[in-house]
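Each of the two complexes below includes chain A, the first together with chain B, the second together with chain C.
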Partner chain A sequence: MLILQSIILGIPQGALYGLMAFGISLIFRTVGVMNFSHGNAGMFSAFIALTVFLLTQNLLLAILCAVIFGILLGFLIEKFLMRPVKHLSHGGMLIITLGILMILEGLAQIIWGVNPFSFNELVSGPPLMFTLGEDGLLILPLNDLLITVISLGITILLAVFLKVTKVGIAIRARSQDEVGSKVVGINTNMIDGLVWGIGISLSALVGVLIAPKTTVTPTMMMNMQLYGFTAGVLGGFTSLYGSILGGIILGILEKIVGIYISPDYQLTIILLIIILMLAFKPSGLFAKKFEGRV
Partner chain B sequence: MLRVENLSVNYGHVKAVKEISFEIKSGEIVSILGANGAGKTSALFGVSAVVKSKGKVFYKDKDISGFTTYQRVEKGIILCPENRRVFSGLSVEENLKMGSYLRGNYQKNIETAYRMFPILKERKKQAAGSLSGGEQQMLAVARALMSDPELLMLDEPSLGLAPVIVDQIFKALVELKRSGMSILLVEQNALKSLKISDRAYILETGRIVHSDDAKTLLNDEKVKKSYLGI
Partner chain C sequence: MNMKKALIVLIIGVLLGVLFINKSFLLMIFSLVLIYAIAATGLNIVSGFTGQVSIGHGAFMAVGAYTTAAMAMDFGTPFYINILAAIVLAAFLGFLIGLPALRLKGFYLAIATMAFGVAVEQLFAAIEHFGGHIGMRNIPRFFESDFYIYLLNLVFFVVLTYVASLILHSPVGEKYKMVRDSEVAARAYGIKPSRIKLNAFIVSAIYGGIAGALYSHTVGYISPPDFGMNTSLNLLSMIVIGGMASLEGGMIGSIIITGLPFLFSRGNIPMTLIFGALLIVFVLFFPQGIAYGLKLLSMKYLGRPWALLVRKSWSRRAEDGKYVTVNGKKIFYRQQGNGPAIVMIHGNFGSHRWYEKVSSIEGYTTYIPDLVNFGKSDRIDNVSIDTYADFVKGFMDQLKIEKAVVVGHSLGGAVSMSLAFRYPQLVSKLVLVDSAPVNGLVTPEENFPVLEMMKGNVSLLRNSLKGIMPACEDQKILSEVVKDALLMKDECFSENARALSRYDYTELAERYKNPVLFILGKKDMLITHDMAENTLKNLNGRLEVLDHVGHSVILEDSQLFKKLLINFVNL
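For the complex of A and B:
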């Protein structure tokens, strides 16, 4: 019973890790840079949502603003920070994402301070309860259910977009051969901007969805960045579906460790997973042949 | 059709192409010949703006020097690049679809492509990366043709292909020329390419050292010996 309950609580958390990993992977396989500022870009977007909410009391509008801000931020990062160094070195791009990470955190501290702000859940109300057998009781909070549905819905939407639309195929084409995509007439700068926009907007969404649990603070997305990265490692950074599955596995694992062993070991286990995966199966659990770069 | 003036391509300190000028008239097949490392690929990359270059490029008497690669593709200047550059994780069909990303009627051109290379139709759902080298080369040529090129530039299209297929591609090029396409051809096989070319330029360490009608070059023993190794 306890194990079922941890799975049920782990899935919504894992779905968010999956969304983080999806964005990180999408950016990685398209432009070849591991975006260390991913979490903080989402954090900053969450502050935008908070500000809009405090001004309008409209949660949906606040979330929408955060996502749109995320898209813009992604475009700006690509255009002004990544594009100038794109063909110089991947190391340079990596350092720049580290710089963005610190700048966003500093800016958030200056603008909003370090005291946590609470943030509303999408839906409140009593959780769904199921009785199983004699004294079995499963609890499923409504907000968690909604988070899972939104995360999976968006993943499916994006997967379909990448699979069937012309621009989606162009994104995959560009991730596989830059020269090839240029000579067929793909505007690779535009595609890169779009990929950064989509990626960061996913982190923005994760930011507002996790905010009720973490509160809104400049460091709220530190764990998300790490867990998103781990989910990406599990899924193999070249497989987008793998990201989501990796996220959900990680979410469940985290709850199980928390309940059966101790919450203190959650982070240790995560780090252990990264090391083991990188050592023994660097292509991830679900890597397919002929997918993406690397 | 295309006129290139003082084109230079540098990679850091490496001067790959040094102020070369050449032109392709409408409906011509023009070859660029030269040894490995002469700068042929770099010259084509310069014309397509895949790499940065100095100098001027005129297309139909319009200065397009500032155009990006996709703006040149829009105009009908299409490069079939060296080493195939197919999208290995995409299916054959998706690769061809990307060929008509900016230009060309996909429905119509894919029929032509499959007629030209029937093997691609058989493999259309297969990942391009799982094709044999020769099949990938066919796919690269087919993908370039998907965009209805006005000026088609091919960088060693026969690399790794069996002689029968090479003949097939060269025959196709002659047909494309007849239908009005202008073609800029880079080939290791100098003899074969001169036979279907109107004119040729010979490139040596980034400079054009010789240019003439293809027929004249084919009969010039000195040129053949010193530059073409025929």
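For the complex of A and C:
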């Protein structure tokens, strides 16, 4: 019974991890950078949403603003920070994303301080209950259900976008072969900017969705980013949909560890998974083959 | 860093400590700077020298700190035992995190190390015995006095930096760099990159562990966030700002990253903002870091006053020789002996002194001028080989030398070729000593900044001159020709090299029918065998290759040169 409950509670959480991983691996696959500022970019967007919400009391508008801000932030990062070193050094790009991580955290501290802000849930209402058997009672909060639906919906939407639209095909072409895509007339700088925009707006969305649970603080997304990486590692960064599945597995695992072992060890055990996965099967569970992109 | 430098650093450190002996707050900061410098040096070994970016290095410090603290508090064991345990544990952990590193590159490794760093932090926070999130307090400090604590840290820092330099200059250290630069090439040389990376991880983990152990007994209390993600990122910032792959980088970065917060402590600006901005600015604009900038600065400017002084005093010195005026310019020369004339022309960065040991040739008069723009001769504006040759012709005309054997070394070889090919009647025989080839000698563009730098840096100049006379053991003559080289006209440091690329006498050479001897040192780094053969192609000449000397047989084996010269002129 407990295990079913933890699965049900794990899925919404895992869907968010998956969404996080989706953004990270979209950027990684296309531009070739592991974005270590992903979480904090989402955190900053969540603060934007909070500010808009406090001003207008309109949650939908706030979320929309956060997502748009995420797209803008992604564009700016690509244009001014990533482009100069794009072909020079992977180490340099990595360190720059770490720099962005620190800067965003510092900026958030200056602007909004370190005290946590509470954030409204999307929907509030009595949780859904299911009774199974005699003493079985499963609980699914309404907000969690909505989060799952939104996450999966966005994923499917993006999948379709990448599969059928012209821009989506251009993105996939860019991720496969930069020179080749230039030859056929794709503006790769534009595509890179767009991918950064989409990736970070996903993180912004995650930030807004998780905010009711974590409250809005400058460090709210630190663990989220780690989970995003873990999900990506589980699913394999080379496969976009693997990361969603990886995220959901991770979410369930986390709840199981939390219930059966101890919440204190949740993060440690999850992180061990990363290291073990990377050591023994770096391609991830769902990727076909390890391309070893550096 | 050699023993001497290490001692100098130690002495400076002690003096600094004595200077602030009453300011325990400052001494504490100094201690922290040293501790983080140790950890950063460790990180630099794995990230800077081996090229494996790690963002979980705080974890090694955590292990070191918690091990010594727990052992000291639970068992009361002395520090030297505790630190051994800390080293062993840190090394083991380094081994563990190095294992995935065997298969991972770049970003994957970064993720793994980040996860590792956070995992260790969380683990310590979860263990009740270690005080959980609050951490451990009242850890016994090394000494009561902050000064002694500082001294202990200083000794650790100096010794560890010295050891690091030993490691980095050992074969293993070279392998680190090979793996960083190209794993494929390293493998081709029979190196196992995975083993080397693991090695680097363990070494750097040990540095982290020691730094952590020092931290816990210096500060007296530890908590998991002290060694968390922020610390790891700070360590990375230190080596990026200070200088990747530079031993001084860790220390410089540590001064900035550890010291800066105390400067800004009154303001409300979070340090992460400043560090992040610094990190990005450095990666984008100064990727080599401060250490490199300082090195460049000191090479360019620090030696300048000294070079100027040497030059001034050396140019005042009276030389034993005569002057003759050619086209209104005074030319300094030395003359020795009686009989037919031999004119000896020195090379770039040269002077008459290069021929000092071979100036007495029995049965001949030797004329050894300083070329215009060199040594004690006057300066001219038009720097070209032909102009130099014209001045040599004028010099011969003034001294009524109608025919002479001309010896030319290096740039002087080009000058004497120009002279011989354009005025064949003046030159009865031509001796080219490691001469610039007949079709010009091109200096790679990237060498020019270094040539420029030699103007203001005596030791650089000395080293490069030493490099072109590998077999020369006479230190006295070396230091004299170095001073002579400084007398050269300022612009000529690079202009001469450019002039050498601007001529081509291949066709002119056919006009010269007299015998030519080309002497080439096998260890010559400037003139190749092909160049020498190419030079002799259209000449009536012979090539003499000497196995044991480099570019400057005149100074390296004067007696042999003299013998070859006498044989040739008497032929």
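Convention: the second predicted complex is superposed on the first by the 288 of 294 C-alpha atoms of A that agree within 3 Å, B and C clash if a C-alpha of one lies under 4 Å from a C-alpha of the other, contacts with A are read in each partner's own complex, and residues count from 1 in each chain.
What we mean here is this: contacts are C-beta pairs under 8 Å (C-beta built on N, C-alpha and C of every residue); 3 or more make two chains touch, one makes a residue touch a chain.
Here the structure is a predicted model, which is why all the values come from computation and not from measurement.
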Residues of chain A touched, compared between chain B and chain C (which is higher): C
Contacts of A:169 with chain B and chain C, given as first, second, both or neither: first
A:267 touches, of chain B and chain C: first, second, both or neither? second
Touched partner set for A:275, first chain B, second chain C, both or neither: second
First, second, both or neither for A:36, with chain B first and chain C second: second
Chain A residues contacted in one complex by chain B, in the other by chain C: 292
Interface residues, chain A side, partner chain B - complex: 166, 169-170, 172-173, 176-177, 179-187, 289-292
Residues on chain B engaged by chain A in the complex (per definition of touch): 48, 50, 68-70, 73-74, 78-81, 85-90, 94-95, 97-99, 101-103, 127-130, 143-144, 147
Of chain A, residues touching chain C in the complex: 28, 33-34, 36, 81, 84-85, 89-92, 94-96, 98-107, 109-110, 222, 226, 229-230, 233, 262, 264-265, 267-268, 271-272, 274-275, 278-279, 282, 292-294
Touching residues on chain C, where the partner in the complex is chain A: 51, 53, 55, 97, 99-100, 103-108, 110-112, 114-116, 118-119, 122-123, 125-126, 229, 233, 236-237, 240, 268-280, 283-284, 287
